[in-house]
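Attaching a single structure in C-alpha cells format; questions to follow.
Labels run A, B, C and D following the written order; every chain starts at residue 1.
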Amino acid sequence: MNDLNPVIALLGRRLRLAVIGGGPGSFIGPIHRMAARLDDRYDIVAGVLSSDPQRSVAAGLAMGLAPDRCHPDLATLLAAESQRPDGIDAVAIMTPNDGHFPAAMAALDHGFDVICDKPMTNTLAEAQTLWEKVQASGRVFCLTHNYSGYPMVRQARAMVADGQLGDIRLVQVEYVQGGRAKPGPGRVAWKADPARGGPSLVMGDIGTHAHQLLRFISGLEVGEVAAELGCVVPEREAHDFAGVLLRMAGGARGSFWVTQAAAGVENGLRIRVSGSRGTIEWQQEHPQVLDFKPLDAPAQRLTPRGPGALPLALRGTRVAAGHPEGFPEAFANLYSDAAEAIAARRAGQSPDPLALHFPNAHDGWMGMRFVDAVIRSAQAGGAWTPA
Amino acid sequence: MNDLNPVIALLGRRLRLAVIGGGPGSFIGPIHRMAARLDDRYDIVAGVLSSDPQRSVAAGLAMGLAPDRCHPDLATLLAAESQRPDGIDAVAIMTPNDGHFPAAMAALDHGFDVICDKPMTNTLAEAQTLWEKVQASGRVFCLTHNYSGYPMVRQARAMVADGQLGDIRLVQVEYVQGGRAKPGPGRVAWKADPARGGPSLVMGDIGTHAHQLLRFISGLEVGEVAAELGCVVPEREAHDFAGVLLRMAGGARGSFWVTQAAAGVENGLRIRVSGSRGTIEWQQEHPQVLDFKPLDAPAQRLTPRGPGALPLALRGTRVAAGHPEGFPEAFANLYSDAAEAIAARRAGQSPDPLALHFPNAHDGWMGMRFVDAVIRSAQAGGAWTPA
Amino acid sequence: MNDLNPVIALLGRRLRLAVIGGGPGSFIGPIHRMAARLDDRYDIVAGVLSSDPQRSVAAGLAMGLAPDRCHPDLATLLAAESQRPDGIDAVAIMTPNDGHFPAAMAALDHGFDVICDKPMTNTLAEAQTLWEKVQASGRVFCLTHNYSGYPMVRQARAMVADGQLGDIRLVQVEYVQGGRAKPGPGRVAWKADPARGGPSLVMGDIGTHAHQLLRFISGLEVGEVAAELGCVVPEREAHDFAGVLLRMAGGARGSFWVTQAAAGVENGLRIRVSGSRGTIEWQQEHPQVLDFKPLDAPAQRLTPRGPGALPLALRGTRVAAGHPEGFPEAFANLYSDAAEAIAARRAGQSPDPLALHFPNAHDGWMGMRFVDAVIRSAQAGGAWTPA
Amino acid sequence: MNDLNPVIALLGRRLRLAVIGGGPGSFIGPIHRMAARLDDRYDIVAGVLSSDPQRSVAAGLAMGLAPDRCHPDLATLLAAESQRPDGIDAVAIMTPNDGHFPAAMAALDHGFDVICDKPMTNTLAEAQTLWEKVQASGRVFCLTHNYSGYPMVRQARAMVADGQLGDIRLVQVEYVQGGRAKPGPGRVAWKADPARGGPSLVMGDIGTHAHQLLRFISGLEVGEVAAELGCVVPEREAHDFAGVLLRMAGGARGSFWVTQAAAGVENGLRIRVSGSRGTIEWQQEHPQVLDFKPLDAPAQRLTPRGPGALPLALRGTRVAAGHPEGFPEAFANLYSDAAEAIAARRAGQSPDPLALHFPNAHDGWMGMRFVDAVIRSAQAGGAWTPA
C-alpha cells in the first residue's frame, strides 16, 4: 500500500512546509497551496503571507495555520521553525520576483529544502550565486516552471529523449497573452517596476516559461540569439513583446515569440519541435493532447493515459484516460516530485529517477542567462549573441 | 480575508470527514480524497477503506490517518466518531454501488452530513427511501455527479436559466467510452454483477451521469422514454449500450446514447441543447470551452474566466483565464460547495445560494426513476414509458 | 497522358450533359454545374432551367448555352437532343423533389444516363419502379448523396471494408442544422408541401443523407427502426426532427438523430462507427480529417493525402496533402466517377471498379424504404419496424 | 439573371484563356485549370503545356484543346492567337519560376491580360520591370497568391480595414511544411536550382505566400527585417527555413517563420493579427473558421456565410453556411475576380471594387523586395534591413 502515499511510506508523516508570500490578492499563492495539498505529501504548517506583518498573521490564521506559526516575517519564521522539534522541512517561495533570491538564500542557510516560483532571480549574478549555493547545500531546489509538469509535456520530453523524433532540427515556441493589451502599467504594479519585477517584464513573466519549455522538451540548450524587445501598447515602458531567432546548440534552428499585448488572447503557450523522424505539437490551452506527426506514418493524437504514453507521462496523471487534468495538477506534479526528492534525501535513500524531472536551480540560472542574452542582443540591434 | 477559506471563516476550523471505501485499487477513491483536499475545506480524519477490516486499517495508516481512526467497518466508525468530541462532521461514501444505500442511511441515522458517489442506489425503492430520509434529516446530501461541477457546464446551466437560449426545444446527450470494448465481463468484477452493480451496468455507470448532465443544464425533466438496452460485445451479459428517445416535460425532444463498447474512445461525454434563441455544445474531453451558437449572431467560444462568464461558472474556477482546470477541480467544486452548505448548517446560517447547485438526493432519485423507465421501455419493445 | 482526362482519353471528347432544373434562385443548381465542370469531363450543352418556359430559356442563355439548346420543357429537350448528332449523353436532374421521378423515368426512356439529386423520389413505390427501370435500362444512374464523395468518407468506407475496424458493433449518425429554427414554413415553400417535398421534410432533406452516409461507411443495412418524428418549432406542420434507434442487419446497434431546428447550428453532419478493433469519427464541417481510434494503439488523424490513405480516398483528391478540398469537390467526385462509368459504357469497356462507389438507384430505393419505415414506426408509437 | 454569369452578361461569351505550362506531372497546372473552370468565366482554348514542343501538343490534345491551338511554344502561341478573330483574351502562366518573367512580358507585349503563378519573378529587378510594364500596359495582372482567395482571409482583411481590430500592433505568420524533411534536393529538381527556382527555395516557394498573406490581412507593409536563412536538413544546399523579425511600417511588430523541413507537417500556414481591440487567428488547414477574440467580449468563430460575414467574404463563397469550400475554390476566387476585371476592361466599364482584391504586379514586386531584404539581412548577420 506504499503507493497510497510515498512520502508517508518513507517518513511515516507528510512533509512540513512553510509558505512565503502568496497572501490575499495573490494569483499564484492559492495555486502553490493547492499544488502542495493535491497529492497529500505536505502539511502546510507555517507561513509568512505578506510583507506587512499584521496582514501576514491575519492571513495565516484565515488559512487555518496555528497562531504560533503565523510569522510576521521571513527571518522570524526561519529562526522559529529551525528550533521546533516539529519544525518545517521546506519552504515554498511565492513573493514578488525580487523576494525570491534573498528568501531562497536564507532558507538554504537554515538547511531547508526550497520550492521557488519563477523567475528564479532578477539578475544573472543572483542566479549564478543561488545555483552555486544550491549545489553546495545538497538541498532540493524546485523551480515552479509549472508547464514542465503537464503530462503531455513530459511525454514530449520522453519521446525526444527516446529518439522517436530523431535528430532535432527545428524548434518553435510562442507564448501569447492579452493581459496587458490595454494601455497603462497593468494590474500588478510591482511587475512593471524593474527593481522588483526584473529587467524585462515580458521575459520574466512568460519568456522564461517559454524558454524552459523549449529546453525541457527538446533537451537542447540555446546557443545564440538574435532578438528584439519592446512595447507596442501606448502609455507603457515595460516590455510587452519579445521576438527571438534561435540557434540551438547542436545546429537546430528556431523561433521564439512572446507577448502579453495580444488583445483577447488568454494563455496561448504553444510549442512545435521537429526532428528527422517527425514533429510534435502541444498547446497549453488543450493540454491533454500531444500531436505527433511522424514522417511517413499517420498523425497521432496522444493522451495522458492512452496507448503510447511513456512512464514519465503516466506518473504525472491521476485519473483514467479521457478525464482531463489541468494547470493545478501540472503544478502539483512539481510539488509531488519535489516531495519525493526531499523525502528520499531525508530518508537517506535514492529517489525514483523519474521524480527528478522538475526544474531546478540550474534551469533557473539558464533562464536568466537567456533573458540576459536577449536583452543584450536587442540592445545591439539584433546581433547574434551567445546565450 | 474570509474568502481565503469560507469554512474556517464560519467555523474556525475545517470540516472533519470520514471516507467510506475507495481503498487500494479503487479508481474513484483517490479522486474523492483529492477533491476533499483541493480547496482545504475538509480534514480527512477517519475512514473505512476496505470491506476487509485488516486491509481497511492498513490503508488508513498508509494514508496518514491516526491509528484510532482507522476503523475496521462502518458501524464501528459511526459509533466511535459519534462519541468523540473531535468526531467527524460528514462521511463520504465511495464503496461499490450496493454499499451506497446502507452506508448513507446509517450515516444519516447518526446525524452526519453525507457525500455519496453515484448511482445513489441500486434500486428505485431504495432511492425513494433515501431521498425521503434526507428530507426528514435536514442533513446535506451531495451526490457526486461530478460533471455538474465543470465551470462551463455550470455556465451552460446558468445561460439556460437566464433565458439566453430561449425556450428549450431539443436536447442531445451522448456518453461514449471504450473501456468495455473487449470481450468478457471487464476489469472490475462487481460492476457486472447486478446484485452489486445494479440492474444495468451501462446505465448505472455512465447513463446516470448523462441523465443528470441533461437535467442540470436544460433545467428540464424527462417525461417519457422509448429505449433499447443491450450488449454488443461477445461473452458478455451486462448492458454495454443504451439508446433512448426522449420526450422532455414541456415538449422538447431529445436523443440519448451511451455505451462503453466503442473501442478506442476514451471518455466521450457530449451534450447539445437547442432553444429558440440558440444552441450550446459542450464536450467533456475539452471541458474549458462552451460553444454557444446564437440565432443570427456569430458563434461564441466561452471560457471559464473569459468575457460572458456568469457567476455560477466563475465561482467554480480557481485559476486565471486560459489556465485549464480539469476533472479533479470539477469534482472538488461539489465537495467545496457541499462544505459551504454543511458549514452554514452547522453555523445556523444560510449558505450562498450559488453553493447549492450540487446534485442531491432528489437528483439521485430522479436518476433511478430514469434508469427504471429505460429498463421497462426496453423490455416493452421500446414502448413510450413515463420516467 | 491519359490521366489528364480519362473521358477524353476514352471517347475523344467530353460527355455532353443537359441540366434539368437548378435555375435562378436555386441553391443546388450551381453546385451541380460546378461539379460537372470541375474535372472537365462534361460539357453542359443543353438545359431546362425552370418550369416556366420563358424563364428556362432566359436562364439557359445567361449561362451561355446555345439558343437552340435552351429548351422550354423536359419533353422538348429529350426529343430534340435525341435527334441531334451531337445530342446529349446524359441528364442531370435538380428540380424540386417531385420532379425527380418523372424526369428520370423519361430520360431513361430516351436512353440517356442519369444523374439525379436526392431524395430519389417522394414515394417508396416510385423508388422501386425507378430502381427496376434502371436495372432494365443498363444505364448509369448516379444519385447525388454528395457526402459519399468526401475523400475521408471514402477512406472510412475502405477501412471498414478492409477490416481495419473489425466487426462493426455500433453506429451513430447525427445531422443537425439550424436552417428551420425560426417559426413558419421556411424559405423554400415547396419543401414543406408534402405533395412536392415528400412525406417528411426533415427525412427527405437530410435524413436520407444521414442514412446513406451510415450505409456507405459501415457497409451495413438497417434492419429495424424504432422512431419518433415531429416538429418542435411553433407555426409549423412539417417534421423538423427525427430520432431513430437502429438495429442493423448483422447485430450492430445504433442511434440516428436529425433536425433542422437547432438554432445557430450550420451543417452538423457527424458519424461514428465502432467495431471490435476501433472507432472512426468524421464530421462534415472539418471534412479533411478522419479520426481513427484503434483499440490499444494511439489515436490517428488521417488526411486525404497523408500516410495511410487508401486508394478509394486518394482517387477523390486533387491537391497535395494539407490543401483542403470541400463540398464542391466531394460533389464533383460523384460526377467524375459517373462520367467514367458512362464513358466506359459508351466505349464498351469496364470502368475502374473504384469509380463505382457513387450512390445509385438501389441506394435511392433503400433510402425511401428507410424513410417509410421511420414514418410507420413513429405512427406506431415507436414500435420496432423492419426497414 | 445576370448574376448567373457576370462575364457572359457583360461580353456575351466567356473569356478565352491560354495556359502556359502546367502539363503532365505538374502539381499546380491542374489547379489553375480547375480554378479557371469552376465559375464558368473562361474557356481554356489554347496552350503551351510543356517546354518540349511535342509533349506540349500531345498534352493539349489530351486535355481536349483543338489541334490548331495546341502550340509548340510561347512565341508561336502569342503570334497565332493574336491573329485569330476568336483568339485568346488572356494567358495564365504556370511554368517553373524562371519562365514567369519572360512569358508575362511577352504576353503584355501582345496586349493580353495576364494571370501568373508566384513568385512573380526570380529577381527584384525583373519584378520592378514587370510591375512598371503592367502599369504602362493598362492590362489586368493577377498574381495567384491563392491564400488571399479564402473567404475567411478576405473576412479578416475586411475586418481590419473596417477597424474592428483597432490599431494593429502585432503580427505573426508561420508557414510550416514537411515536404522537404528528407535529405536531398527534393522531388522537383528545378526548384532547388537558383537559376530556375530563384535565390531562396523556401522564400520563393512559401515565404512569398506568408508575406502576401500578412500584408493582405493587416493592410501594412513590412518596414525592416532581421533575418536568418539556412538549411537544417543534411545533403542540401537550398534554404529550407527562414526566421524573420518584423518591424512593420506604422510601428507594429511581428514574427515570421517558414520552413519545409518539419517532418510530418502537411501545409501549416497560420496567421495571427492583434490590434488594440482584438485578435484574429486563421489557419489554412481549417480555412472555414476565423477566430476573432475581441477585447472584453466573448471569442467568436466566424464562418463564410455565418452571421458577421462581410461582403468581401460573402462574394468569395458559393455554398450555404456549413458546407466547406477549400483550396480550389480559393484559387478560383482569384480567377473569377480577375475575369470580372478583364471583362469590365474589355467592355469599357468599371468592375465592382470588391472584385479588385486579387494580388497584382505591385504585390509581386513587394514580395520580391521582401525576399531580397531577408537575404541581405541574413547575409549581414541579422542586421535590421529595410524591406
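Going forward, contacts are C-beta pairs under 8 Å (C-beta built on N, C-alpha and C of every residue); 3 or more make two chains touch, one makes a residue touch a chain.
Computed from a predicted model, the values in this text were never measured in an experiment.
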Chain whose mean Cα position lies farthest from subunit A: C
A-D against B-D, pair bridged by the larger set of C-beta contacts: A-D
Inter-chain centre distance, subunit C versus subunit D - centres from mean C-alpha coordinates, in Å: 33
Whole-Å gap separating subunit A and subunit D, where each centre is the average of the chain's CA atoms: 44
Whole-Å separation of chain centres (CA-atom averages), subunit B against subunit D: 55
Residues of subunit D engaged with two or more neighbouring chains: 265, 292, 294, 299, 303, 306
Contacting residues of subunit A [partner subunit D, same complex]: 166, 169-170, 172, 174, 176, 178, 181-182, 226-228, 230, 232-233, 241, 243, 245-247, 251-255, 257, 259, 261-265, 272, 274-279, 292-295, 299, 381-384
Residue ranges of subunit B in contact with subunit D within the complex: 291-292, 294, 296-303, 306-308
Subunit C partner contacts - residues on subunit D that touch it in the complex: 1-2, 4-5, 8-9, 13-14, 24, 27, 30-31, 33-34, 37-40, 58-59, 62-64, 177, 179, 265-268, 284-288, 303, 305-306, 318-329
